[in-house]
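By letter and in written order, the chains are A, B, C, D, E and F; residue numbering begins at 1 in each of them.
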Amino acid sequence: MGDVKLAFVVQKPQYKGETSRLAITHAIAYQTVEILLEDGDTVTPTLCFVGEGVLGLQKGQKAMDLYEVTSTETHLKNCLLVDLDVLVCKEDLAKYGISEDMMPDAEDMGADKKIKVAPFSEIQKAMEDAKHILFF
Amino acid sequence: MGDVKLAFVVQKPQYKGETSRLAITHAIAYQTVEILLEDGDTVTPTLCFVGEGVLGLQKGQKAMDLYEVTSTETHLKNCLLVDLDVLVCKEDLAKYGISEDMMPDAEDMGADKKIKVAPFSEIQKAMEDAKHILFF
Amino acid sequence: MKLAVFVSDFKLTYDTLDRLKADKLGIIFVANGVYHATTKENGEASSLLNKTLNLYALSEDIQTRGMKDADVDKRVRVVNYSDVVDLIFNEYDKLAWI
Amino acid sequence: MKLAVFVSDFKLTYDTLDRLKADKLGIIFVANGVYHATTKENGEASSLLNKTLNLYALSEDIQTRGMKDADVDKRVRVVNYSDVVDLIFNEYDKLAWI
Amino acid sequence: MATLTVGCFPGLIGNMSYDFVVKLAGAAVNKGHKVNIWFAGNAAGSVKAHQKHLKDYSTGEKHLKALIEKGVEICTCEACTVARGIQKPEGIEKIQWNAMHWYLAKIHASDRVLQIGGE
Amino acid sequence: MATLTVGCFPGLIGNMSYDFVVKLAGAAVNKGHKVNIWFAGNAAGSVKAHQKHLKDYSTGEKHLKALIEKGVEICTCEACTVARGIQKPEGIEKIQWNAMHWYLAKIHASDRVLQIGGE
């Protein structure tokens, strides 16, 4: 079957329910799925944030200090480290006044990959290109 | 301390989360609380439904037949049987086109008490008269 | 793509569905989503009923809430779980639950 | 009555707060409710900030989300858990969480 | 005959989404399809054995057992489950425990995927 | 010194409302107040002992034990808990199990009540 492309679309905000956080950790799991697949088979998620899903992506999160729980920021950095494509909806960031430089990167951990601010049309395209769509 | 009046205000719809259903069962528990209180002490909840909370109050619910779970209708009837005051917001019923005769009574079980359709102002009054307000 | 979207709530805080495009879009109302098919708000039917001609509502979830198939807007086809399985496999190729 | 309302979400599907009246109304933004105090939508601050002069936002929940106390609208007082306890017992007599 | 994989995150009780998953899986299996179910989030709490079926509450156990008998594969997110204090010996028999990649692997071989986010 | 009773319905993990309850109770007790906590709904699942504290997940157990040491009374809705397959011997020690009227009785003797509905 070769590669199967997936679009993970996160529309619920972080720190409300578990869903939007689990979207990220499930996407990261693509890295270890090969142990359960035939040789040559892969799964490639594209992680997209839209609507209220773009909230909770800002850097400087003190979740571990204050609540002893891994921050979304840390999870996002891990995504970049394992080379996942992360798209954040440009229109929705503008709507909430969140600029690109307010979001984290993982340069300090050696990741080249960066969060990509993308128009909704590009997220729509990711959904069209994917075999399956998963809404979180 | 004598009687303590409570306003239970249900704003979440039935059959979505557990909260709006637990509001009803917690209100019914007023009937047995005396075993934990001093003689002469009582708790009197008024159960109020507002906003989306007025959804899911219609009669003829097949929850037990179809999903093997007690319907909200049955819980409401139990409220009337134990003589609880149940207020349903008139404006919100009108908003959703739900008429008074679409709601259950418990006449067949021998209850005189009926659901009372009340303007929001009466629900506001119940909150003012209560010592504590509980939102569900 | 042929996309079936399951709508499981009445009041939505998402506008994703407004922006989604599909060659064939289906909306399947389930759980409290069935109120979109049965209930008007201030006399107006849900705007979701204008999104597509392919509208479905789950009979079991309508009846659970004390409503009848006859209460459903004429534009919406009442289906049961078995029908939903056929829709999933025969009519659409991607699914979303919002 | 002196009523303190805890607002724990950003997008609300309830209009209860719009209709509630109190002699003294306080709004305490907690959890994702803090976005009402920090975030504008299309350039507009949350309408809840016009409901009362007694507005509070929980510092721990602002910082958890990567924002700073300085990001908070000037009308809102930043408080911590200890302050919330004092508000509950000293400033208000009834509480609601929506 | 085709394969449907369902990701179910909502809790067992109150939210009727869990009941939907159980019913949908049953209907699909009865039509000869293959079904996989992945539990994470609050749904992971539902693999605890010995659920008492009180009428006021939805129950999972008896339905999950029946689905497994019909060939449905069910797996719970191990991390989500142990974080809730539930260990594998306390779980319902024949439900699998694995990491999140189990779900992705099942998706790889599926014709349809329905991801149901939680509360 | 006054008494606060908190009704907590949301689940342990994900929804930060549960964490709020734990922190608020701690802050109130540290100021010399009496606190009672009632768990129902998904929160009832959080009285299971032996929760593994993975960093990705909130945990209740150690915080609840610390609160109990400080005199906080915590009680879980027995029906909500057994419906989730958790029996009393599996629960965290010193957490009480009772019917919903426990909550109403505590409310009767309270100066303030904060009811936090669930998901």
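Quick note on the criterion: a contact is a pair of C-beta atoms (placed from the backbone, for glycine too) under 8 Å apart; a residue touches a chain by one contact, two chains touch by 3 or more.
Since the structure is predicted, the reported quantities are computational estimates derived from the model, not experimental observations.
Across B-D and A-D, the chain pair carrying more C-beta contacts is A-D. For subunit A, the chain whose average C-alpha position is most distant is B. Subunit B and subunit E have centres, each the mean of its CA atoms, that are 33 Å apart. One finds 28 Å separating the Cα centroids of subunit A and subunit C.
Counting partner chains per residue, subunit E has residues 13-16, 41-42, 53, 56-57, 59, 80, 112-113, 115, 117-119 touching two or more of them. For subunit D, residues that reach two or more other chains under the stated contact definition are 11, 13, 31-32, 60, 64, 95-97. Under the contact definition stated at the top, the residues of subunit A that touch 2 or more other chains are 12, 15-19, 22, 25, 52, 67, 132-133, 135. Contact annotation for chain pairs lists A-C, A-D, A-E, A-F, B-C, B-D, B-E, B-F, C-D, C-E, D-F, E-F, with touch applied as defined. On the subunit A side of its complex with subunit D, the touching residues are 13-16, 52, 55-56, 58-63, 65-67, 71, 73, 95-98, 102. Within the complex, the subunit A residues that touch subunit C are 9, 11-12, 50-52, 120, 124, 127-128, 130-133, 135. Of all the residues in subunit D, the ones that touch subunit F in their complex are 6, 8, 30-32, 60-61, 64, 81-82, 84-86, 88-89, 93, 95-97.
Residues of subunit E touching subunit A in their complex: 7, 9, 40-42, 80, 99-105, 107-110, 112-113, 115, 117-119. Those residues of subunit F that touch subunit A in the complex are listed here as 13-16, 19, 23, 53, 55-59, 119.
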